[in-house]
Amino acid sequence: MKIYQKILEDVCIIIPHGRLDASNTHYIQKSLSEEAEKEGRVVMDLSSLEFLDSSGLGAIISLLRRVKKNDGDMKLVCPADKIRRVFELTRADRMFDIYDDCEVAAKSFPRGKA
Amino acid sequence: MKIYQKILEDVCIIIPHGRLDASNTHYIQKSLSEEAEKEGRVVMDLSSLEFLDSSGLGAIISLLRRVKKNDGDMKLVCPADKIRRVFELTRADRMFDIYDDCEVAAKSFPRGKA
Amino acid sequence: MVDKLTLGFPAHFKYVRIASVLGVQAAQFIDSESDPEELLEFAHAFELAISEAVTNSVKHQRSLSRSSKIVVEIEISRTEMTVAVMDSNPHFDITQIPAPELDAHPENGYGIYIMRKIMDRVESRRENGWNILIMTKKRPGV
Amino acid sequence: MVDKLTLGFPAHFKYVRIASVLGVQAAQFIDSESDPEELLEFAHAFELAISEAVTNSVKHQRSLSRSSKIVVEIEISRTEMTVAVMDSNPHFDITQIPAPELDAHPENGYGIYIMRKIMDRVESRRENGWNILIMTKKRPGV
């Protein structure tokens, strides 16, 4: 599993590639710098994710909770149908705003935060 | 295995996709129309071939022989490194002109043939 | 006649995907005249269900230090595909597993729930010290 | 400790790629610090060698109508990867197989020649009615 990172202005974009399952959920847990976690503007671009199961989903939910603890949010971008299905089956889709485009997702955060 | 075909002026271009092994060599054998075989200007575009073993190679060699029987030729285009290695290991690379580009390969046939 | 594929491997998380991808490959041998989209969805159902089942086999093994063996059997018949996942973990009975509280969005506990949702049938039984989890789904277009 | 993956399947050409792809996946578990290109080449060597060996097992089985079983075992040790391909075909001895006449460009007969070229070691033996072909290659960066 490769996880690329990109900073778009003040938003941290995480881009996991390949398959996310119990063998590599720890990469997701470590994918956020302390700073980005505090800033709390996170986008996870799922367009390069090829497979997700409930272990991977659990890691994503856990990351969301960490970001929310600091009043931040994590938005999702472009999950393939088979990825989206996992979110829907588990109702985790209700926890996230899901966008078609990274830039739109990045612009969606309220500005002027401390 | 999908094999796409394209006609570029008077040249028949065969484009095998995916994996070519003993399970699907018959597709290669059938990939040439009777007319194209008689015309004898054939290009096999290998850029979409993901895997080739010696069974697949045997089918390609056999196709070359059929085309040559009518004084034609078959050129190869753009094999990936791992495909090229199979040709080199077996010295089959010496039987073929190998090009980087379909159009250049198509233009390489002598014109004015009956 | 039923074709059977058998895969045996050590109970490590890193091998989960090997079993899961085998399921996808097996599903793709189904030369159905059905809609390619349906076939993709069918293949993904097995990819996911096998990943869930095998992850459980690794996660709930007796000792993580001395990893045990997992066996996955895939059978394709004229009408359905069946996957059996076998491990030597402590006995469990899937009929006794409560569904997750979806609206509380827990971080785990989805495995068996998902299998049930995407397969036609999920059963577990105990045989000679092995847990056998059996998942079945009708082939697309049947 | 050596990890072992075992795959069993019916002797049909359509399953050759399942074994071959398993070899690629196994090779990719080698978390070597070596050059990614070297690892790709290593994985491809097994992809190709397994395809050749399993194709032989299917092609030379006793009866094509009642297909027999093939077993592929993959072992990864600290220093090398080993693949054993087992079938119940008539006995053959790879030391007795002549090399192909490359400059005559035959349309078959390359299988064992290729295995020898891309593996470090290829051996065959007979055990309890099984042919066992064993291919070994040193891990990249070892």
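When the chains are written out, they are named A, B, C and D in that same order, and each has its own residue count from 1.
Operating definition for what follows: a residue touches a chain if its C-beta (ideal position, glycine included) is under 8 Å from a C-beta of that chain, and two chains touch if they have at least 3 such contacts.
The model shown is predicted, which means the values in this text are computed figures rather than measured ones.
Chains that touch both chain A and chain D: C. When chain centres are set by their Cα atoms, the one at the greatest distance from chain D is A. Between chain A and chain B the centroid-to-centroid distance comes to 45 Å (mean Cα coordinates, whole Å).
Taking each chain's centre as the average of its CA atoms, chain A and chain C sit 27 Å apart. In chain B, no residue touches at least two other chains. Those residues of chain D in touch with two or more other chains are numbered 12, 14, 17. Annotation, chain-chain contacts: A-C, B-D, C-D (touch as defined at the top).
Only residues 19, 21-23, 51, 53-55, 57-59, 61-62, 82, 85-86, 89-92, 94-95 of chain B touch chain D when the two sit together in their complex. Contact residues of chain D toward chain C in the complex are 3-10, 12, 14-15, 17-18, 21-22, 25-26, 29. Of all residues in chain C, those touching chain A in their complex are 12-14, 16-17, 20, 40, 44, 47-48, 51-52, 55, 58-59, 100, 102-103, 105-108, 110-111, 113-114, 117-118.
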